[in-house]
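My structure is below; once you've seen it, I'll send some questions.
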């Protein structure tokens, strides 16, 4: 084992620490600044963007939104948990 | 790149299309015919087959059908969701 | 195929059976004895061990035990199934 | 400061190409489409995000992308390149599919065959444009409108085009509500679109149990190349319909398919790197893909009209468009177009019959093409 | 038309052998048994369907079956051939097993050892019939009545017999309600079958938590070959009993075990191709397997009778039959046979003790055989 | 009797070393800590049990441990050694993380950067003690207080130290409630600990959706080495926040993450065999790890005090301690320490901001170290 301080010098420990912390700070400072700007931008573009739905729809999985329709044609739809015939999603 | 039409000829494009569509149709036509015959066959064999249960049992997983029995011997059975001692299934 | 009995002798069938059953019995007899001793030991150490909780806590996953606290600061906590911000567990 | 400068050379900014930037924008566009338009979000969102991730440039020695041996993404991508994920997706789809509509009206099954013409005519188109025969087969399968099938076949016949073909297939599947209606309207008269169909008969549980075994045997014996996809589809369906393996069916159609869907979508997206993706070939693939969807739709509708020449109980030819395997989007489009003419005409259940038949049809077509082009 | 004819040569019809047809019928029989008779459906259904899939003939160049390098099924089969699935199944079983019955009556553990005589006597029988020593060890394990253990050990000792051994093990496990009762009645008197047993004592949570760690150390130190199986079983049980990792236990006994069960069953079934499966060896394996179940049952019952010579509180010797590791079927059979004599005699909980001990016993026996025969 | 004696030589008793026995006791200690003290049970329990399993000695020919080619554990360990499990864990974490607290108070993000000083100063310490540069980088990452990140980076830079580094990271993460409070009290005045913070503003869904895409692009372009971890974290979060892929998010944060967590913990534990683990290097790694957690805590607290010099709305410097990525333990510790001074001061939500920023910070730091040390 070399002398400890010599190891640090050889391994460029100080430089790595300074560079590393600089880059971590840079990344998170940019992130922070972006987060700060984000609501401001969204407010500016609010006029051109569609109004945000207050409660964004959370799809009921495999529910069949045409239930009434289907009831009307009197066809037994198996809508038990997770296995409907006319699901919302395709894979 | 060769002339396009020559590519089709070299690649036997027309033959593949005709053969391919023929086979796809054959497979699905047989399927269709099978589906058509299936209820007829089932009706013919209805006399020798056991009567179909109107509501085929859907096993309650890991429920203990001997619950009464167990209650009788006064043994605490942990039948919480999915982790009973005397499950229905084995693996 | 050799004569069957010779195969058993060559394959040391009898020895394997005796040794094997001895070892299986040894393992399960020790297990059995351990199970027999376990509650006795636990009773002996009962005085130095903390009293066993009658109903060991089963953690409500991702519930936020600080709910009252959070309600107090009026911050909307999304505690829908499985996705709270301040979960119980970390990974 | 040397380390800092050395490091800066490894950053994405330093190595970014215009192609990467474009693909990142495409990725963001996919994600937006999924979220804002709700177009196939389960697939477009992971694919789009994957495309963003796959186009961040990095130094070669770090082994980050799907094509670099030993990278994490290369392991996730194995399931795509070896064709393992598509059958697992089919297992889950089988466990969530109800074949009742099809069982109650067997003649509609033929519509699921007719729509596969899109696959073969596109193959001819691809040959015309100079693609090799097996490339043409892989491109043609886009017309099957089935993502997993497209990935499976491309991984066998044209792995170098897998990214473009998969993304084209999923893109157009997402665009089904945009692509299909005009073609459907063009090829049908108002009177045809108003046809009401007879209520489907009740299907017994016994039929539903026998069906997956029978359809597997029929498809597999005729086109052994479809064994893996249809085998898994039918196993999943049998797990569901048998009523004795409900817990397995439940896992197959939830935790299992979801996990595979995320990783499949993400790694397909990540494979769409500018360097391999932004080629004139990809553009041609996309162009052919759009055409194939159109032909498939037309094929189904026209065949339904032909069938009507011989049938007493007329079929509403709109449901021919559901012969492509985009389940359940095509069936919903049929319902929607039908209701524009007559709000009390409920075509959805009828359209599910050709729709699930289309899944079988496209998987069989894939099996045929694999048999023909395998070396 | 050449392509059509070339294609027709690749179809299953053209290459079908009588063996394949027979195996497809066997597969359909397994599926029917699972659905109609409700015999071990979680396993017989995937195995049966797998056997159907695995016996569709195909041209070699398409790489479809489990034995062809690069095929999808070969990747799924890796978990079988490398012995990876069985420990994962054991993890899930551990997370759903309650060892209370065993903890409250430790002497019943010995019945789980006695039933393993089926393994070793079958080994002697296999040697007699000319199987090699390690083949004989793998065949003997069928007598352990434990599917995952049988797969695990065969993958180590006799990979070429894995299909027959696994299918024999699962078949007879499904037939436990048929095989065991006559032997149980033959070996017991009516008076013995009427014995009522003392109510088991309450077991504290602390005992249940310490048990999996202790039993793992005992088994693993005595038979290191059982480390993987018993390790996973005990980890699963600890996840369950510790009460602090309930979410992990829940996933292990649901999504995780279900996914592995489907793929394990399917790929084991698919490995049962006529070409490798329909051999005289397989027939012998099945014959030996049936015998081994009988011996195991007898071993447990006779040993229980021997124990009664020394015990004040007599054991109902029927519960000896539950010493095989078919959990919980054997215990249910005991309950059923006992109630035929006395409808108010509840043996189920008592029978669970030798039953879970049998799981340990058969895994330990597998570990021992692996140690002995490993090269 | 020869077989019996030969067998006895293969038992664990015969080959047990003092080191193995010690590691088994350590494993039992970890399991006890998880169960009795409820310290990170989801990880300490599988790791502890894995350490027990990994230290049962066995003959080489049986291929049981993680380092033996072809063993079951070696297959499970592939996900660790190839760095595959950590990104999957991050996918699940993303799908359960709510970034609201951070979005509503962006300046707190910087605290998540400040705490990473623990990583780099520990790197210097490791160099001083004679570790090679890339070993030092891997050891330093313990200061990131993030298990998956530590495993990921060690698998790239110092695979031979992976066991020690992973176990050190998880051990100290479990001890966060023990390590952090004294340092936090030492570095703050009572007046500072009493500071109440302004209620956070409401964050719109649109912000939550845009955030994961934006933060990924920022992190990935600056430090491409963090692509995999942050990519998966952000994909998971997008699945959750987009509201159109709820079923995928749900599987990612339940079945998927649970399965990976069990196997990751178990195989990391099993890799801690006495033979490779009980070295003076491991002791140094543990010592450096403890120091790195202390430095990270101090770094966050001190930086918060510095920020207060410039801010009008003062930050409670306790929340600086949550800049380490031990989510949510550090944030809870902050809450606890704050409430000791003022039971009506609710710091938890505020502390979540630096806490989730710490996850990003440590993953970015890992990416930087990978870029610097990759060959």
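A, B, C, D, E and F label the chains in the order they appear, each numbered from 1.
Throughout what follows, a contact is a pair of C-beta atoms (placed from the backbone, for glycine too) under 8 Å apart; a residue touches a chain by one contact, two chains touch by 3 or more.
Keep in mind it's a predicted model, so treat the numbers as computed, not measured.
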Other chains in touch with both chain A and chain E: D, F
Taking each chain's C-alpha mean as its centre, the one farthest from chain B: F
Repeated interface matching C-F, over half of the contact pairs identical, chosen among A-F, C-E or B-E: B-E
Rounded Å distance between chain C and chain D, as computed from the means of their C-alpha atoms: 44
For chain B paired with chain D, centre-to-centre distance based on mean C-alpha positions, whole Å: 21
Separation of chain E from chain F, taking each centre as the mean of its C-alpha atoms, in whole Å: 39
Touching two or more other chains - residues of chain E: 3, 7, 41-42, 222-223, 243-244, 247, 250, 254-255, 261, 368, 372
Multi-chain contact residues (two or more partners), chain A: 12, 16, 19, 23, 89
Each pair of chains that touches, named by its two labels: A-D, A-F, B-D, B-E, C-E, C-F, D-E, D-F, E-F
Touching residues (chain side chain F, partner chain A) in the complex: 102-103, 106-107, 109-110, 112-113, 116-117, 119-121, 123-124, 127-130, 132-133, 136-137, 204-207, 210-211, 214-215, 218-219, 222-223, 243-244, 246-247, 357, 360-361, 364-365, 368-369, 372
Residues on chain D engaged by chain F in the complex (per definition of touch): 3, 6-7, 10-13, 16, 24, 28, 31, 34-35, 38, 41-42, 45-46, 49-50, 52-53, 56-59, 61-62, 64, 70-73, 75-76, 254-255, 258-259, 261-262, 266
In the complex with chain E, residue positions of chain C that touch it: 1-2, 4-5, 7-8, 10-14, 16-17, 19-21, 23-36, 38-39, 42, 52, 56-59, 61, 89
Residues of chain C that touch chain F when the two form their complex: 12, 15-16, 18-19, 22-23, 62, 66, 69-70, 72-76, 78, 81-87, 89-91
Touching residues on chain E, where the partner in the complex is chain F: 82-84, 87, 91, 209, 213, 216-217, 220-225, 227-228, 231, 234-235, 238-239, 242-245, 247-248, 250-252, 254-256, 368, 370-372, 374-375
